[in-house]
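Once you scroll down, you'll see the structures, which are given as structure tokens.
In what follows, chain A forms one complex with chain B and a second complex with chain C.
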Partner chain A sequence: MKQNRWLPALTILVVSIFLILPLLILGIYSFVTSWDGIAPNGYTLDFYKQVFSDPRFLPSLMRGLVISIIPIFLSGAAVILALYTSIMYNPRLESIIQSICMIPHTLKGVILAISVLGLYAGKGPVLGNRIVMLTFVYCIVILPFIYQGIRNNLRAINVQQLIEAAEILGAGKLYAFVRIIIPNMLSGILISSLLAMSTIFTDFAIIKIVAGSKWLTAQQLLYNARNNPGQYTSAIVLIMFLATLLISGVAFAMQNRADRRAEQDSKAAKE
Partner chain B sequence: MKAKLKNTPHYITVLPFLILVLMFLAAPLCNMVIRSFFSPNTGTYGLANYITIFTKAIYLSAIRNSLYLSLLSTIIGIVICFFAAMAAAYATRGWNSKFLAILNMVSNFAGLPLAFAFVIILGRTGVLIEIFEALGLPFFQDFNLYSTDGLLLLFVYFQIPLGTLVLLPAFQSIRKEWKESASLMKANSFQFWWHIGIPVMLPSLADTFSLLFANALTAYATPFMLMSTNYPLLPIKITSMFTGETTIQQELGSALSITMMAIMLLMIFLCNMVKKFFYKGGNN
Partner chain C sequence: MSYIQFENIHKYFGAAHVLKGINLGVEYGELVTLLGPSGCGKSTLLRCLAGLEQVSEGKIFLDGKDITNLTPKQRDIGMVFQQYSLFPNMTVRQNVAFGLQIQKLDKATIENKVKDMLEIVGLSDKINQYPRQLSGGQQQRVALARAIVMDPKVLLLDEPLSAIDALLRKNLQIEIRRIQQELNITTIFVTHDQDEAMVMSDTIHLFNVGQIEQSGTPTAIYTHPRTRFAANFIGNYNILTAGEFHALTGAKGEAEHIAIRPEVIALSRSPLNTPNAYLGKGIIAGSVPHGNVVRHSIACNGVTIHADQLFDEAVDLQKGCEVFFAIEKENCLCLE
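Moving on to the complex of A and B:
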């Protein structure tokens, strides 16, 4: 069979144009004074000035990031501790932990958010608090990312051997785990944290359902601005998209570096 | 006492995870299932909410619209993803890496921002619509973004990067030797893919299908931005029953959520059946 060279290239080109076109037009549109013919009528930075002069904009951008910090710590700690038990004492636990962590991946945000709201809304000042509920829904939503990142990392380390070595030197199991294993996992934890962060940053459904207008993120600011001129909303969308790209881009680059290092390690081990 | 203390710490480290999952995943879901059978008017448990859902036109049309959009966007999406992933697998290295970068970038472009972008380019006074009108080309004359067609276009758009990225590894399982042997037996490209390639990839295709379907079925931000609550769609109907400005009907909303979950699980089950069937075919 002859291997066609131009057919794959053509397919890639067509699909890429379809995918990039909306982004490209949106990007251009955020800089135009008006556009009602073949080409824009003029260019301006006014809409960016307007966006940044809104005192609510930067705080709302930050709020989307801040709300992800506690869930990342809580879920990360819970998963690491649970996996510690499974590795040290009961390997059968791991498949159970994995299945549980994958449930949110199947159910998706809307159902998770609705079910938590249905149970805890109006139930006292702590659990009934919208921000508390939001934090815990996010904890559940990011479980699949957190689990996968941490699990991949643990596979690359010989946990049992390292802990035994530390124990011979007189360290306790948990102490050895915290001081030796966790520092070894930092890059994996960081990668999954960034992925979790970008998931939360781009969320609109959960925040709309659980928090209403009690926690104004950039997504909600954008939704509230839907009747403003298109250039204004385009500018917000572009800034948010670049922020998302930055977060996931750093995660992607770190992942690549980690993969390459693992490859080198396994090559070195073979030699 | 001492022995007991020595044993407990082993499992105490699972506790935070257990509490988190019980309180914010298991308990809320159980509560939702129980509530879906409760009817607040009579104060009794029964199937009343489900009967309402499957007899009232508004809920039936929400289910119909959701099924239609999810199925069609998944089928169109998976066909495009199949060819896109195949192209990526057989393209030169340069094309491949550029395409991957684009897919990864665009996979971040979903939900609300995506809906805004399509309003700008294909909305009532969208840029592309104005351009084609100025050029005198009638491409988008009958196109209405704020309709089922418009939603379908957006759904297909967000399926492509996800599906292609998930399908790519499957193409690496197609060995070069198989293609060579097939071509020695005078099979053409189409025959190779129809008889060998696609059956081998079917488990991956089934997985991708259920992933894309669930993704479309539960999509909320995109349709909500375009149509607000005017368009009957399962996630939108469910959400408005819990947070709506008018009347909050949590019991009916719970039943509707369970219905949506059931549709999703049914699709996962069907895809698994397809997978099993083809695995078995391989053994015979």
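Moving on to the complex of A and C:
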């Protein structure tokens, strides 16, 4: 039967246009002086100059990065240790770990933030500290991404047998885990981390509820600039989008590189 | 006491009694095979020796020392796993050097030992490659090198060839045997493949549901299986009940079951006159090629037996033709 090759291509094209068009218009809008008719009246870089000349902008971007990295380390360490314990000592624990790590999927971030705030606000200088609270809320929010990425990576290697092989060669369990298992999980850890970072980096609601104005990120700056001209806020959105795209792009490029390398190696081995 | 001595080993996994009082000795420099079907306990016994499983009861001695409660790293044992278990993030050199680095040997000694060992297994040119860049057979040879570079008191091979294709497997069987004999390493090999056990072993211990069914040299086990299980597992024996044996030969069976190897049945188109043998006549019910022999199914008085013939002798025996057979009495084995 002759297949119609145009239909799938056309579908992909329509969907792509549907998805890209708002971003494209936003991008164009951030460069226009004004837009009254069908076409823009003129183009300018003034709004980007204004964004970058705002002394709060770059620090707020950096704050976004910092508040992303700390929860990733904490969540990552917790998941790795929990999975290590379950794989090595009690595999039945894994279903419990999985359930716990998946709970945040069912909880909206706003509900989580309000609950944490209600529970810990005013509870001493450490737990009651807004930045500490924010860090731990993010730890919970990103748990499903971190868990899934690391778990998938661990499934691809026979952890138990690799550790047994190392033990027979004279290594301790922990030494074997650090020298053999963790290096084999790096790509999974990296991808999970970058996905989690993208999630935190673009968050506005949780940080607004938990930290208020104590930790100004680019998302909050955007909210505060809502009365400025639309081109100004469009420029901020586009810069943040590009920063997130860069982070995700790095993750996918690394993954593709690793996949290609593994494919080439296995092809060479077969030959 | 043997070099390796298992004394009354029991192992339970929950309610499952996996090893039921194993008593077994392995002499220095011997290659011993633990042979048996899946789930019979052979790998569990190996893992108990390696220290990867704790025995529930009993003691294990290695070179006169009780190692029952020692950790794997205290036992001085090398092991090769079915799935190779090479460290994927390390090159061949790093894999082989791993144990030596833990022993904190100096760099030059490690490098020399690694190079010598890779030469023995024929992989010197792969020293800087990663496991994923190697074929299955090459990976298994690296795993072997990694185990024996440690100069272990005993080498354990847990079905190391089962994931490798048939032709390569035969070559590796010979190669492992060569290396074992060259280095004189006491080796315990676990397999469910009776041909592999025959090719490689000095001694075979045949396992069945957590117990040793029969022990002996490959020839002794093959030619004189004691039980129905052993005859079934080790070869392609015709196992006949006393009634079937009587129908076939006219003689009374001296045991409940009698085993006859297919290759000891002589066939001819004309009557045979072999002394001290059971003689009979049947019809060729079918013939199937089996490597260098043809396996004929012969129907005789309601009993069907299998007989092997070399290919060049088999030309004139076609399906449906009458055939005379002779089975020497000493080749009819009474099973327990």
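In the analysis below, the second predicted complex is superposed on the first by the 236 of 271 C-alpha atoms of A that agree within 3 Å, B and C clash if a C-alpha of one lies under 4 Å from a C-alpha of the other, contacts with A are read in each partner's own complex, and residues count from 1 in each chain.
In the analysis below, a contact is a pair of C-beta atoms (placed from the backbone, for glycine too) under 8 Å apart; a residue touches a chain by one contact, two chains touch by 3 or more.
Worth saying up front: this structure is predicted, and the values here are computed from it rather than measured.
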item	value
Chain C versus chain B, contacts on chain A by residue	B
Chain B versus chain C as contact partner of A:Leu169, first or second or both or neither	second
Touched partner set for A:Asn158, first chain B, second chain C, both or neither	second
Which of chain B and chain C A:Pro22 touches, first, second, both or neither	first
Touching partner for A:Ser115 - first (chain B), second (chain C), both, neither	first
Residues of chain A touching chain B in the complex	1, 3-5, 7-9, 11-12, 15-16, 18-23, 25-26, 29, 35-38, 74-75, 77-79, 81-82, 84-85, 88-90, 93, 97, 100, 103-104, 106-112, 114-120, 136-137, 139-140, 174, 198, 202-205, 208-209, 212, 219, 222-223, 226, 230, 233-234, 237, 240-241, 244-245, 248, 252
Residues of chain A touching chain C in the complex	157-158, 161-162, 164-172, 175, 179-180, 183-184, 262, 265-266, 268-270
Interfacial residue positions of chain C with respect to chain A in the complex	50-52, 71-73, 77-79, 81, 83, 85, 87-90, 98-99, 102-103, 130, 132-135, 138, 146-147, 150
Sites on chain B touched by chain A in the complex	9-11, 13-14, 16-18, 20-21, 23-25, 27-29, 31-32, 35, 80, 83-84, 86-88, 90-92, 95, 98-99, 102-106, 108-114, 116-121, 125, 127-128, 130-131, 134-135, 157, 160-161, 164, 179-180, 182-183, 188-189, 192, 214-215, 218, 220-221, 224-225, 235, 238-239, 242-243, 250, 253-254, 257, 260-261, 264, 268
